[in-house]
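There are two complexes below, and they share chain A, which is joined by chain B in the first and by chain C in the second.
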Partner chain A sequence: MNVDPTTGLTLQAAPSWAPDFLTTPFLGGIALADIIAIVVILLFVLNFVMMEIWLERKVAGHVQLRRGPLHVGPHGAMQSPADVVKLLTKEQLIPSAADQVVFPIAPYLVFIPVFLTFLVIPWGPLVLFGNLVLRPFDLGLVYMVAIPAVQGVGLVMAGWSSGNKYSLLGSARVVAQLISYELPIVVALLGVAMMAGSLSLTTIVESQMTRGWNVFMQPLGFVIFFLATMSEMSRTPFDIAIAESEIVGGPFIEYSGMRWGMFYLAEFAAVCLNSALTATLYLGGWEPFPGSRALGLGWLGDYFGVLFFLGKVLFLVVIIQWARFLLPRLRIDQLMDFAWKLLLPVGFVNFILTAVLQIFGFAWFAVGLGVTLAGLATLLTVYRIRRQVSAPLAPAVA
Partner chain B sequence: MAVANPPHDLVDAPPGEAIERNLETVEMTVNMGPQHPSTHGVFRMVLTLEGERVRNVQSHIGYLHRGAEKLGESGDLEGYRKAMITLDRTDYLSTFLNEHAYILAVEKLANIAVPERAEYIRIILGELTRISSHCMFYGAFGADSGATTPFMYAFALREDIQSLFEAVGGARMFPNYYRAGGLREDVPRDFADRVRQIIETCKRSFDEFDALISGNEIFLSRTRGLGVIGQERAIDLGLSGPMLRATGLPYDVRKMEPYSIYDRFDFDVPIGTRGDCYDRYLLRQEELRQSLRIVEQAVRDLPGGPTIGNAPKALRPPKGEAYVRIENARGDFGVYLVSDGKSSAPYRVKYRSPCFCNLQSLNDMAIGAYIADAVVALGSVDIVLGEVDR
Partner chain C sequence: MDSYSITYAPVILAAAIGVGFIALTLTLADQLAPRVRSRGKDSIYECGMPTIGQGWSQMNLRYYLYAILFLVFEIESVFLFPWTVVYKGLGPFAFWEMALFVSMLLFGLAYAWRKGVLTWE
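For the complex of A and B:
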């Protein structure tokens, strides 16, 4: 890897077989290979998101005694492209009560940050394609927290500019939700950063290969991160911002056509993004299974790492979708309580435990064990307290 | 005090105070319905909100008013059957149950006897209607609290029951099947077998219903302790059905004043302990099972024989009045009929509908709660707007 002398950031490590004209930086450090990679990854992400929308409808169908899309393409696989074409041809209405400038640009502010964040994800190992990440710069962890937060601005703009009371309520909920759930995410990530000793996503993956996956070393952090990102994406059971049975879609209520489609593309892209981040930070990135190198199977990850990574992403995506179709929605005060009274304190417990165990120099195994036990104990206690509060479930019979 | 000259006022005010004065929270009025997805049809409530809190609820009903009672009085050709046609379209989820009430009133007015077989079939169809209606509640209540899947499970079971209704009465929603002195025609030959099949399906489905959301932590936290109505208050408001029984009062017309042949069946009346939304939900879950018990017994004892007595097609009951009440899926449903002794149509038709009374508890439940709670509380009433507006 070569380092930029002025910024001190690591630049992309190009594969050895790449010709020079591809890797020579010409525009503020950007090489032709970078541009190609950006285009390829964005196209890939867009297609992945389309596939994910189809998958969600299939999962929904099978959970709900239905079949989901069936008729466009084999098993309805072309349903998402068909929907996009339909949305593109639809009229885009701007209500007369809406702000004529802010209303049309809000969807882009929701859509773009999600796609920008994909740029730091390490998709695969160094061996074949160089580091399959566009900018493996050392602040990847900070970047991935900071950029998606811009989404909130877009949603507030959408909700406020619509000139509709329901969408205003929705955007008020978005603000409250985003601010509350940024904190547990950051606190959970502190543990990850401490374990790896780095803020670079590539280094975090590499360190998990030698030491064991973070999901075992940081189980509490994993749960907090997973739940908090689900809330950030406004997915069920945290979907109070769009809550169809209460505020009828919240900020999206006045949108139509592709502008409306942008919000949904952004939502599904966020699901994909956060699954990718969870896989990177906690599930060992592109490593096929824990300890593959120790077993002499490191080549599996080295050559087919991208596939394993996508497999993990898909697994997490299905879990998020599954939750959507099984759970009711939390109320706004319960949502806030969950973030401030449960996730954040538990996150600090996780943070302090990780720090203490690391300073006192236990073996890595002990770190994992201690954090795991503490996590289980905390969760069990919370669960039992909540159960005790609930009374028996059967009705009396007169 | 009104700010006469805002800039000057701001300059004069001590630091901090000026900002506070401008940061007053303002109440917002939101119109929910009649096109809102969770107002169960065309109910409209105007919510006064302070942030997320509901400070006042103003209900508006009548969007579906069709004059069902008045129309029922004008049946010159159809006679006493016409009111039943419009009655079906009021509470479109309790059709067989309400037809039962109406036909009992007609039979009481004209003093007509009913064959055994017709009585049993009426019980079976009525209790299946209750199951079908409670399925609808289950699905809609799940959707109100944010879970989309219960709706699909509830409708899968409802589909079986509606198909049976179609086979029996020729229509899925509005059967118009009961006649004074019995039934319009006998049930299909495979009726008993199909009912037994449905009983098996129901048993499986009810367990699935429970597994889906009954013990769900989020569902519990959303519904428990919400919309509590005390027993006294419930009686004052005139609540009935699950809304009343959830407060702990075992009041069920089927037990209190057994009509038809309900005294022959063995079933329990579930009651709640806290009177909150969760109790109402749980109670209806238990009622599903109790209704099934009645259906099981009725189909076991189903006798043969005629399904209609020898009542005249065109009724001309003697001068008088009759009031009959039954327990329908939503509560105490009453039918009041007056005959003038001359015409072949009722002189006066009046329904005592449970939803209309139950809906009055909305303000008690929603004021002071969150918007999301108001939606769930409204869902727990299990209203059918056709019946509220009539």
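For the complex of A and C:
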């Protein structure tokens, strides 16, 4: 373990066999190993995003009975690098109606929050490198809600500074959507935090190894979190803010070339990020499969945990991509109703039932679940009766 | 320097590295890309026709009401996160206190719902 001599705090970025000059903290507790780790994370994000874009085009192709990119490299695998070169050589326009200061700053504020959130993810153990995590962030859960929220500011800046009515509309929608879906996420996370009794992502993964994966312990929370994060990324069933076919691209209509590329990078990095967070919080992080410890296969996770973690991330990424090509876009009122009238109340029910389970035990939890279901049934019945009474008789269809 | 700052110091470093990466890429693109200005290119894109009026136009008031509701719930979450870490030592009393707090919030949501704040017109 590498310990900072002044504070006695563990620095986890480097393995225990790393030479001293790598782990000696300088400049306010930052060691050389930290810098290397951050650059590695950045490179991972960039490469994963390139792979993800290729994969997405392949998935799109096969969903629509096409074959997707095919010509650049084997199975079109070099398509994304080729696109990057194309973007680099494309002119970057700033419209004369746009705000000349805010317009170029916006891409920074859109990508950096997503990148910063990658820092808290516990990637899991890899043979000689120990447990790959930058630092034991003890407020990981709050951090992963707070930092990505800054992205909303960047998107408003982009939409407002473009001097375009569609962009402005798009950015208003982005913010409405971001803040509406932030709440179900937070409420779902409260359940996760209660199960682990901690806000640290590493502790949450470790507690899932003994208590069972959260996807089984918190099924409602899992569904809420997954749907709400999908909406936060504004991907197709929820992409009302971008909506090419009505507001032609939302906040980034006016962006072109590499500046536009930064928005694209942020969007795809967010897909990777949210898959990684879902895998960490609900799918047991780096544990290969539920109950691997009990079967004596714990070493699989202890040595190659990263591979299992990345496998889960890829699995979730593909599911998110399927949803994009299989489902139609929602209207904005449906989108808002879904967050406020369904996900948020259900999230609170999940939270309170988790609290009952944790404090009063399983018997009272069963009672609570029964009461909730009975209450839901009553509400639904009352609602249907009232609608039948108030609605006029439907005209006969000829 | 206290332990809290040490733990979160890499975040600032990462932000700097992120800014550096974007600045480098954009500068590179600026150097590589051609630059040909013309009046048509500098105008904003709306429908292909010359645009009418300014880009900064009026906005639906709905969005503002959602923002207020959001603030209430987000502040509540700031109180509930610490609760989730310490509730085990506090026993049933902590549960009833939290239940009261959450039910007041949910009453607020129900009130807004009833008042039609959540209905999009």
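Here is the rule we go by: the second predicted complex is superposed on the first by the 344 of 398 C-alpha atoms of A that agree within 3 Å, B and C clash if a C-alpha of one lies under 4 Å from a C-alpha of the other, contacts with A are read in each partner's own complex, and residues count from 1 in each chain.
Throughout what follows, contacts are C-beta pairs under 8 Å (C-beta built on N, C-alpha and C of every residue); 3 or more make two chains touch, one makes a residue touch a chain.
This one's a predicted model, so the numbers in the text were calculated from it and none came from an experiment.
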item: Contacts of A:N214 with chain B and chain C, given as first, second, both or neither; value: neither
item: Chain B versus chain C as contact partner of A:D239, first or second or both or neither; value: first
item: First, second, both or neither for A:T280, with chain B first and chain C second; value: neither
item: Greater residue coverage of chain A in the superposed arrangement, chain B or chain C; value: C
item: Touching partner for A:S80 - first (chain B), second (chain C), both, neither; value: neither
item: First (chain B), second (chain C), both or neither touched by A:Q151; value: neither
item: Which of chain B and chain C A:T229 touches, first, second, both or neither; value: neither
item: First, second, both or neither for A:Y166, with chain B first and chain C second; value: both
item: Partner chain(s) touched by A:L344 [first = chain B, second = chain C, both, neither]; value: second
item: Chain B versus chain C as contact partner of A:A193, first or second or both or neither; value: second
item: Set intersection of chain A contacts, chain C complex versus chain B complex; value: 165-166, 169, 172, 248, 332-333
item: Chain A residues touching chain C - in the complex, by the definition given at the top; value: 4, 6-9, 13, 25, 28-30, 34-35, 37-39, 41-42, 87-93, 95-98, 104, 107-108, 111-112, 115-116, 119, 134-138, 141-142, 145, 160, 162-169, 172, 175-176, 179-180, 182-183, 186-187, 190, 193-194, 197-199, 248, 253-254, 257-259, 261-262, 332-333, 336-337, 340-341, 344-345, 348, 351-352, 355-356, 358-360
item: Chain A to chain B touching residues, read off their complex; value: 60, 63-66, 165-166, 169, 172, 236-237, 239-240, 243-248, 325-334, 386, 390-391, 393-398
item: List of chain B residues in touch with chain A within their complex; value: 28, 30, 36-38, 49, 51-52, 142-149, 152-153, 156, 212-222, 224, 248, 250, 268-274, 279, 282-283, 285-286, 370-373, 375
item: List of chain C residues in touch with chain A within their complex; value: 1-3, 5-11, 13-15, 17-19, 21-22, 25-26, 28-30, 32-36, 41-46, 51, 53-57, 59-60, 62-63, 66-67, 69-70, 73-74, 77, 80-81, 84-85, 87-88, 91-92, 94-95, 98-99, 102, 106, 109, 113, 118, 120
